[in-house]
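Before any comments, here is the structure.
For reference, chains read A, B, C and D in written order, and residue numbers begin at 1 within each chain.
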């Protein structure tokens, strides 16, 4: 391995719901990242795209679609799909190309345009597809799974709906300072608790929306970074899969694996995602300044506090109550961007948007949402079908 | 860059039309490749899947789907889509992970199950999708494009339908000796010319079918290869995109780029695919023993002779007439496996199936279709939306 | 003419209502003993096992609630509502001790959130999921054994 | 009531039949002069150009055949056949000199393979693609200028 790779530039569209073609968001983010990096498009040697599955062929080949829209320059290209971790998988692909010596500078891009309402499987009768079956046989939407995790926190750890609401209040305050956020209004816990229950115990304001948006990252080799003065170092990109038996119920499954014959692994899948990143980086939770975690629901953000090692199991509510994870709090600031609570999901862009935020924070460019003296940041997310990712950046 | 990577094992299902779930073909091929490699599944550290877009979520996350079916082992995973080049893109991803030092041994797998008849876009009204539009506005199927290239050879170079048929006759003789081929009957040029015309000048037997199948490759680092005695070296994996303006009409486009403002590149896109591989390998056409090229049509195989440098433009018909590219001929044997003519397309598996065949040939394991003293082999293919690939292997 | 009672499309062979009562049907790898639901029948998904021979097994009819929730708004297609207007229903994730696994299911008709808590015992029943013109499509559901209302 | 004549769904704004006659409509980047068909209107796809301002242009009405073929069997949906039973039609790829690009199109009704050869001149016409209950959906086609039959 020839050292680390560096973040040379980042770019992100404002998140929203405009109904434009996904490629336009991708190009807009890419051009901002290229400009931020000071790199001409002609000089990009590898393009890694995170796919969106809702746009036919152009979405499946997002890397090529964006490369063509920027103007075919002969770069090598890849398009990756890994549900919510797609952006990180694309980042891992570009990092490996650079470290393998095939290129010095690569563009990673993800963009999506999403339909209104619940994410649902594509149409047609597809009883072979577990994602189709869970809707048909159980009526199990994404919030169903989030709510199961939330209820378990209540019955096991004494969490309350107010604890969940507190996370939304915190993130909405952060997002109010983020010009790229879609929702920029600070909300109160009364507002969260007064919003309709979608899947008990989660209210509408506990659950993230779906959005349009694009994010892009320009990565470069260490040698290239030295010439250009790039400071943000990629310390780890974890894209691990579960170990059998995976004993936590996960979208879109009907059941967990059985642990009747083989004992479960020491770490749960969600714990193992960050653990692999820490191991690769040679860092731990004690080194963090901030974390961008995948708050598909407020309660899930609390799970992540434990999964990335900010506290022991059952202690996340206390961290939130004490304001430790809020900007200016005593602990690691979580979701200074405002998180999914303020952005909404744009699946292939999301893991890259997290990397953009950490980069701005490490560079001290986050304005009113700046985490003081940010030195190390982690991202964490988890998608369908055994996809999770965690990226650690430092300056 | 830390040296080359090696092919440690290969596996392939028989091609056919059985309607099983694509993951089963992938697992079958993977298990054969692991067994051929002498590697336990537990020891695989990275899984790169080529996606199929016809199977909902499980197909989009083919890498994870196959990893789960083999039994979650915690490996890192990626799923790539690049149309017909998907398998090669997955190979490139795994190679980079190894060369970057993230793993020693990786599994690359592609599998598909395909509907009968013409490949067609997924259902629904999708006028934003160029692949939908070409069917709706032009009635332009895949054979339409193949036929345009074929007719051009006739009017420019004096090619005849018999020249095209000759390619089918050759490939059917090769495939008759391949136990994994779907069509194993040697056909005559009379039979080709008597089959119905699908898209003039191409007959049904000039055009490849769609098939079910899976192929897998186990890659390893040079150090690992030294310990295990693996002999087949990956010299190049080209996954270049076009350079603007791309002046050859390509699926699924309505028009080429305009060369009114910027002159076309020196090499056509299809020429540049193999050229990049030769450059990376430090080898040329004169070093080849065999080639596996993407014979979507018989006439297209003739184009490839020129694109990979076996002859000058307009000379491919002569090569075929002289039998140079047939087993036992004077030149580089092309498609000793029987090619798509005998297999049919199983999109995400195809580029890996080519690598499997070249590996068997270089190891001297190809039985009655063995190319004498095979030392260097190339694969070449091209898919929709600027995806092409070329892999060079040597022993 | 009475409507046919059939397993909901996609769940054929996933459960039974035979003489021994309702039960989920899984498979067990004869090599390592791992149980799969829905059925596995190709290769064993225990990464240490290369078994490919499976026997059908009835899963435990009783288990304890791992967690639970409800669906206050009608899920999008392919979900089909059993009633018009839509009526919310509860969903439980249930831990089966012998199989050491958790299985999701809707909660039996007439029971809701107030009848559930983490750790409570439930048993398997088979009930209608929805009706179409020809048939009543049935599915497994979880029913509190203590009659509900904690 | 006569049916409305409309551009085939998806091809709105791709061609015109105004006073100057039928023509394909593309865009030209005002920065570098590159022409795009179908229209580009976002960012210029010339990798050396960062233009994002475009003007609509009429493409050349005449060109020469780059290659041609036909469709002997009915293409799958979303293709809609103009006739029942299906009638094969020809397709041509046509080189436009000024724009230095090749544009595909069906060949005008009444003309077939025997009317085409590489290098032959064709001109643009607008003709029905198919009809539905309310409308005749029209599309551009290429018509041999020499009246066909080489």
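What we mean here is this: contacts are C-beta pairs under 8 Å (C-beta built on N, C-alpha and C of every residue); 3 or more make two chains touch, one makes a residue touch a chain.
These numbers come from a predicted model, not from an experiment.
For this pair, subunit A with subunit B, the centres built from the Cα atoms lie 34 Å apart.
Centre-to-centre separation of subunit B and subunit C, using mean CA positions: 44 Å. Once the centre of each chain is set as its mean CA position, subunit B and subunit D turn out to be 32 Å apart. Taking the mean of the C-alpha atoms as each chain's centre, subunit C and subunit D sit 55 Å apart. For subunit D, the set of residues touching two or more other chains reads 45-49.
Under the contact definition stated at the top, the residues of subunit B that touch 2 or more other chains are 68, 71-73, 121, 123, 132, 243-245, 257.
Viewed as a contact network, the protein chains fit none of the simple shapes, being neither a path, a ring, a star nor fully connected. Per the contact rule defined earlier, chains pair up in contact as A-B, A-C, A-D, B-C, B-D.
Contact residues on subunit B toward subunit D in their complex (touch as defined above): 117-118, 120-121, 123, 125, 127, 132-141, 144, 147-152, 155-156, 196-202, 243-245, 247, 249, 253-262.
On the subunit D side of its complex with subunit B, the touching residues are 8-11, 29, 32-38, 45-49, 66-73, 75-80, 89, 91, 93, 98-106, 113, 117-119, 129, 139. The touching residues of subunit C, when paired with subunit B in their complex, are 42-50.
Of all the residues in subunit B, the ones that touch subunit A in their complex are 1-2, 21, 47, 51, 53, 55-58, 60-61, 64-65, 67-68, 71-83, 89, 92-93, 95-102, 121-124, 126, 128-132, 238-246, 252, 257, 265, 272, 384-387. Here subunit B touches subunit C in the complex through residues 24, 27, 31, 41-42, 68-73, going by the rule given at the top.
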